[in-house]
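Okay, so subunit A shows up in both of these, paired with subunit B first and subunit C after.
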Partner chain A sequence: MAVREIISNFKLFIEYQKIFLKSAIEYRANFLLSTFFMFLNDVIWLFFWYLLYYKLGDINGWVFQDLIYIYVFATISFGIAGYFFGNHKEIAELVVKGKLDFYLTLPKKDLTHILISKNSWFDLGDLLFGILLLIFMVSVTKVPLILLMIIPGVLILIGFGILVGSLSFYLQSSESFGSTLYESLISISLYPGSIFTGATKFITLFILPAGFITAVPVQLLHSFDLTWFILLFLFSIALFLLAIYVFYKGLKRYESGNLLYVRM
Partner chain B sequence: MKKENKTIISIKGLKKTFKTKVTKPGMSGIFRNIFSPDYKYIKAVDNISLDIKKGELVSFIGPNGAGKSTTLKMLSGILFPDSGKIKILGKDPSKKRKELSYDIGTIFGQKPQLWFHLPPIDSFNLFAKIYDIDQTIYKERLDNLINLFEISDIINQPVRKLSLGQRMRCEFVLALLHNPKILFLDEPTIGMDIIVKKTMRELIKKINEKEKTTIILTSHDIGDIENISTRLVIINHGEIVYDGDFKNIKQKYLSKKLLKITTEDKIDEKDFKDLTVIKKSKYYIEFEIETHKFPLKKVIDFLFTKYKITDIGINEMPIEDVIEEIYRDQR
Partner chain C sequence: MSSQLNKYLSISFINIKESLTYIWDIIFGKVIFIALIIFVFANLWTVVFASKGEVIPGFTLAMMVWYLVFGEAIITSIGRFVKEVGDDIKSGEIANYLTKPYNYIVYKMFVSFGKGLINFTLILIFGGLVAYLMVGGVEISLISIPFLLIVALLAMLLNLVIASVISLFAFWIEDASSLNYIYSKFTFIFGGMIVPLEVYPPLVEKIASFLPFSYSAYHPSKLALIFSFESFFKVFLVQIAWISFFIIILIFFYKYIIKKVSVNGG
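On to the complex of A and B.
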């Protein structure tokens, strides 16, 4: 039963990927520009960090190579979450504008269907950048561990997105509040973990869990610690499950709506 | 065949209330809104009960905000009722929404399901995967529907290049791909001109007759269901005002037409003394006629022989007026 469901969801996932590719061909310029500019954005930021490190040598013990690791973890997990599960950032919009109706009247599991039915070209730019960094700037021996630790990062991004998006089931017009929280998560995860100590460290781990996307994995690359490794996975899975729970709890309060829109 | 008369949708004492914030006026109102917002409770659906039999074509008619869409959304499991019971094919949609989705097709006029930038065929293929339809069955089903709705030459054009009527045909095919027993149509004619509306009516009739699909449709315009023999349910303020044959309502209340005429000559009041005149000026008159007393053709022939008419408008009575008259008769 479960296996059959996974296969059928995977088939649907592939069908959506085909549709995204067709849209990309239909709107070539938009697709190329979005992807390229996100890529460029990443290049510029990393260059700025390079200049800073060139002057300072290290920041609280973290060197430029650590920042490359941060960018590898961040851009690949943003890329996977955003490109393949793009709707995790749009939950609030779907709720407020009554767009959930579409998913609710169809047989597939609501949240699975919601997540796989949208992509964003910007995040493809991130993904490509991260993969190039991984190939050219990271030693091969570290690659398997890095790939393994990207999984919790993706789970945290998607889970956090669903969680803040589900606020709009409870609070009217909480879209901007939720997306601000999500944006903060993204920005914090792009700073060297060493600058956060004490209270800020606690916040970046357990309130806006950016630390688990980048800082903790980078730390684990340097000195592997089983407790933190397990904590990383437990925390991300727990956050993801909590997000699913909160979403379905909130869904009972869904009020739909009659706004006009088209599927793009 | 006794099976034909089986009840497949049963609704009992359905209620739904929405809570909305009331905005207070002025600067102080803004602050008071933040700290102690007032809420207004709107009864969208208030104690609706009805049974629908297999193969029936039922129209929910009522003004905007009457509760038609809310009822339909509760039937499809999108909204949870506050109280009351719904059974569709013996199942409760708020608990068995996913199971029922295989038996129900929906078209929300305001929410197209076709991918706007891609040809309809891509959306069809996607829905085949969503419903896990077997490939050979899907191909056969799609061929049938393409013939039935005559869309073979448009399925490869991007949806944005299709006319509204063509798009609507494709929306129907999309909703019928999984061969549902029941079809919900929420305001399917919204934003359409008379010609497209007519095609729509023909399509709805066709599906009901050929596919034996049970259909519930909603509209705010009673004229939409002209020529479809249908069971009519008029809803106002979340309550059922009328539930019965469309013909009865048509004879009783819809024989009234509203005429608006602009002339070049002065209008003679005596010509209109037996009629209910609503507005009158020197060269313009608005009046009601009851077509079973004064046949429309006679009235118009008379007007054209007597006056030089520059503009003429013939309208149905708005649904609000029909509802008002039904209330008056019930008292």
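On to the complex of A and C.
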């Protein structure tokens, strides 16, 4: 049964990807612009760090190549989570505006359907940037480990997005706060992990787990530690499962509104 | 003319009152996020100064962090101006505004300016609090404050005028958010919002300090920390020049576009 459900959801995922592709072809100017500008955004930011490291040499032992690793982990994780599971950032809006009704009335697992039914062209720009960095700026010997450690990053992004979005089931007017928390996670993950020490490091690992998206994987690339490697995967899976639990628990409190909207 | 200005000033005043009504939304949204960025950079500079000392001669650790506070307060105060204009154009909502007895883009600028004053104040307070707790305060002479406020307001206006020109591209590309994204990154980095331009290699520093973006961020922020009347007059005059330049572009660009605008039905 579970296998059939997984196959069925995968087929639905493929159908959505076909629709998204058709949409991209139809609105190709917007698609190309959005993708290109996010790509350019990443280039500008990486150039900024290049200029800063040019001046400083290193920041607490981390050099510019470490920033490249940070951006590889960050942009590919953002890209996968945002392009293929775009609604993970939109849970709060779906709850507040009564848009969950569409999903609740269909014979598909609610959360899976919600996650895969939207994509973000901006995040495709991130994904392309990350892949190009991986191809041209990273030693090929490190690629398998990097690809493996992107999985927890994706799980954390999606899980955290669902978690903060699910606050809307419990707290009124938490949409803005949830969005701030998510943007903070994204933002912190793009800074060199070497600047965080002590209590701040604890916060960036276990409260706003940006460290597990980028800093910990980069550290593991330098010197592999099995304990931290296992912790990385255990934490990301635990966060993801917690997010699913909180979402479905919150769903029981969901009340639809009278708002009519056209789903395009 | 004065009645026209009163009309637009009333719009700003209404938006100030609206912002004050929803002040906690602003604090828990934008302001906390910016305070977090200041916190992150305070960590960064603390670590750098501990191992390398002064990065720029004459700039202490506290000055590096407070520089960011001032820059953030000015630049991020305009909020999502370009996106809002882009949304109006994409949705066709702009058709409602074009029939009203005011200029649409001037109206949006005064709306943004009103909200921007509240954002500016809140970011200074909360961002300043984070900076103070992390690295302590900086010395700012009382006599310089009125002049710094003038330069800060002109910096916000310059940023807004440039954003207005960019927002008009939404008439062609329908989604100017992407352009705004890049413009804002240019201002953050090459406008010197995040770090003083002296951090960059000399050629980059020279080019960036000439561009208009630096008069929205770098020059006002540096003036706040290293004030002199000579620098004030220089920054003031160049800001007026750039604002005038972009207003002229905006007027011609807007007149050209409005003649050609078409709105989709629905």
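Heads up, the rule we're going with is that the second predicted complex is superposed on the first by the 264 of 264 C-alpha atoms of A that agree within 3 Å, B and C clash if a C-alpha of one lies under 4 Å from a C-alpha of the other, contacts with A are read in each partner's own complex, and residues count from 1 in each chain.
The criterion applied here is as follows: a residue touches a chain if its C-beta (ideal position, glycine included) is under 8 Å from a C-beta of that chain, and two chains touch if they have at least 3 such contacts.
Computed from a predicted model, the values in this text were never measured in an experiment.
Overlay on subunit A: subunit B and subunit C fit together in the combined arrangement. In the superposition on chain A, contact is made by A:184 with subunit C only, not with subunit B. One geometric descriptor of the composite model is the angle centred on subunit A: between the Cα centres of subunit B and subunit C it reads 90 degrees, in steps of 10. With both structures placed on the common chain, the touch criterion links A:37 to subunit C but leaves subunit B unconnected.
Contact with subunit B, but none with subunit C, is seen for A:105 once the two complexes are overlaid on the shared chain. Distance between subunit B and subunit C in the overlay is 8 Å (nearest C-alpha pair, rounded to whole angstrom). Partner subunit A is touched in their complex by these residues of subunit B: 18, 21, 69, 73, 76-80, 97-98, 101-102, 104, 106, 108, 110-118, 122, 125-126, 129-132, 158. Residues 8, 11-12, 15-16, 18-19, 22-23, 26-27, 98-102, 104-109, 113, 172, 252, 254-256, 258-264 of subunit A are the ones touching subunit B in the complex. The residues of subunit A lying in touch with subunit C in their complex are 29-30, 33-34, 36-38, 40-41, 44-45, 47-48, 51-52, 54-57, 59-60, 122, 173, 176-177, 179-180, 183-184, 187-188, 191-192, 194-197, 200. Listing the residues of subunit C that touch subunit A in their complex gives 25, 28-30, 32-33, 36-37, 40, 43-44, 47-48, 51-52, 55, 173-175, 178-179, 181-182, 185-186, 188-189, 194-195, 199-201, 204.
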